[in-house]
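What follows is a group of structures, each given as structure tokens.
Look at the two complexes coming up: chain A is in both, with chain B in one and chain C in the other.
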Partner chain A sequence: MDDFERELRQAFERRPTPPGFKSKLMRKRRAQRSPHPAVLWQRLAASIALAAVVAAGFAWRQHEERRKGEAALRQVMIALRITNRALDNMNKQRAAHGRVNQN
Partner chain B sequence: MAHDWQPDFEQLVDEHQSMVFSLALRMTGDHGLAEEIAQDAFLELDRNLGKIESAAHACFWLRRVTMSRSTDAMRRRKVRGVNLWVEMEDHHGLGVEEQASPLGARLEELLITLPEPQRAALVLRYQEDLTPEEIAVTLGAPLATVKSNLQRGLKLLRIKAATHLKEYVRGA
Partner chain C sequence: MRKQIAAFVFCAAALALPALAQTSQLPAPSPIEKELAARASHVDEITLDKKMLSFAANFMNGKNTQPGANPLDNRDKEDTQKLIEGLEGIYVREYEFEKEGQFSADEVEQLRKYFETSEWSPLVKDRDSKTGESNDVMVKLVNGESQGLFVLDVERKEVSIVLILGPVHMQDLRKVMDIAVRGALTRDDMKKGTKVKEKNQAGSQ
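Then we have the complex of A and B:
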């Protein structure tokens, strides 16, 4: 290392930070750690929106199940009416057939 | 990998604030910008504190981030079309004379006129006393490039010092 390099090393000693550097940094650090009020509102709004979507999905599913149940019940009632009518017809035919045999 | 070292942010600030600020100042030549870069580097350290494994790692990490932030800041200025050299010299004169020796202040003024890669290599070599190998790791550059930047930067600085600082420098 020659004289110039030695002078360079001496000239390039570390400098002190400007006054208030650390306190300013600590303030920024605290602000960085506690979320901004706008962020809290955004989080709340997102939670409400998510809850609304889940509730709507649940209600829609219940409605669909009830509708399908009612449709199935209607079909069962129709089938019972058809069966009832067919049995009536059979009874009438059997009664008519019995009367013919007696005569 | 698990590590036992428990980082204390305030202690790290106390230990390294001067190093971080001086690196940023010598890279940018602007007190305000250097302070901003130093603050950002420490805030980023705070966010990444869990990844830091030792005191030496913290020091290396801060040097690396500071150099990279300073380089980015300089490039942003170039992109904005600011007359970099004129602006830097204007800013650099402010406050420098108050704290540094006359020779130190003049050498810093000359340093700021060097190309950025040469300036980075010289600052890490003569401020931080790093070896070329350590500089290469810090800057993420090939060793040969760092050695070349050191040689060229030193040569250029010698020539400038011989012209401008005859009254101060003995070995120029």
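Then we have the complex of A and C:
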């Protein structure tokens, strides 16, 4: 029992920390917390690349919509010209045959 | 699990239906059109569904335009935009032939029958038996309102089919047709936007 008590006391005995222990510990902790500078750069580069891809996608979509809109408008105009021509032809024919114009 | 799958299928169908409905209104090209196109010296084929029309309307809306990009002035722009926004679809075909007799009366009749359905009311029906020229104008009336215009114009060397779906008011249409004719867009510009087939004339000579 005495031995046990002695061992216990020794185990709980307060010992001074070795010199530089705290700074070593803090350094380790910091190293664990902050990644390596190379990793930081990689992350930054990845973020920039991602942002660039998103921006490019957005710009491309805008451009595509504009292009499609312009093409569609052009086609509407052709369609209306053809419609106009068809109706004019009809009116001319009807006028030639002495019929009343419908338009 | 089955319920979840059923719910997913239902949701997918519910989302897909409006998209299908948008494109289902315009007719599929008739088989005669392909034959006419093969013989024609110049073909214009334009099919614009609701989605494409909304692209055009959005383009005019200025959301996607750069300053000065749109050649139409504001008044014309408003009139055109108003007409385009309301339309459900535009289907136009124009076949120009080099010589007379490159299409038959039977082909024209088949074309007419293809587009002529019970919901269309004839407005003009003109036939010239001597020249073979004919004109058909039909309107689609829904509750007394014009919801579509069909024109089949047959000349000696030309066949034009025009199908405009949606509320069509002749006055508005005439206004925008005038804008188009006035040449708000040049002929060169227009050629880029359409499927134009120019047969090599040298080959036929």
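We adopt the following convention: the second predicted complex is superposed on the first by the 72 of 103 C-alpha atoms of A that agree within 3 Å, B and C clash if a C-alpha of one lies under 4 Å from a C-alpha of the other, contacts with A are read in each partner's own complex, and residues count from 1 in each chain.
In this section, a contact is a pair of C-beta atoms (placed from the backbone, for glycine too) under 8 Å apart; a residue touches a chain by one contact, two chains touch by 3 or more.
As the structure is a prediction and not an experimental result, all values here were calculated from the model.
Engineer: Once the shared chain is lined up, is A:70 touching chain B (first), chain C (second), both, or neither of them?
Structural biologist: It touches chain C, and chain B stays clear.
Engineer: Going by the contact rule set out at the top, does A:2 touch chain B (first), chain C (second), both, or neither?
Structural biologist: Only chain B; A:2 stays clear of chain C.
Engineer: Is A:25 in contact with chain B, with chain C, with both, or with neither (first, second, both, neither)?
Structural biologist: Only chain B; A:25 stays clear of chain C.
Engineer: According to the stated criteria, A:15 is in contact with first (chain B), second (chain C), both, or neither; which is it?
Structural biologist: It touches chain B, and chain C stays clear.
Engineer: Enumerate the contact residues on chain A facing chain C in the complex.
Structural biologist: Interface residues on chain A, with respect to chain C: 62, 65-66, 68-87, 89-90, 93-94, 97, 99, 102-103.
Engineer: For the complex, which residues does chain C have touching chain A?
Structural biologist: Residues 44, 46, 48, 52-53, 55-60, 64-65, 69, 80, 84, 90, 92, 94, 123-124, 126, 128, 133, 135, 137, 151, 153, 155, 160, 162, 164, 170, 173-174, 176-181, 184-185, 189-190, 192-194 of chain C touch chain A in their complex.
Engineer: Where on chain B does chain A make contact in their complex?
Structural biologist: Listed in rising order, the residues are 9-10, 13-14, 17-19, 21-22, 25-26, 31, 35, 38-39, 42-43, 46-47, 99-101, 103-104, 107-108, 122-123, 126-127, 129, 154, 157-158, 161, 168-172.
Engineer: So in the complex, which bits of chain A are touching chain B?
Structural biologist: My answer: residues 2-18, 21-22, 24-26, 28-29, 32.
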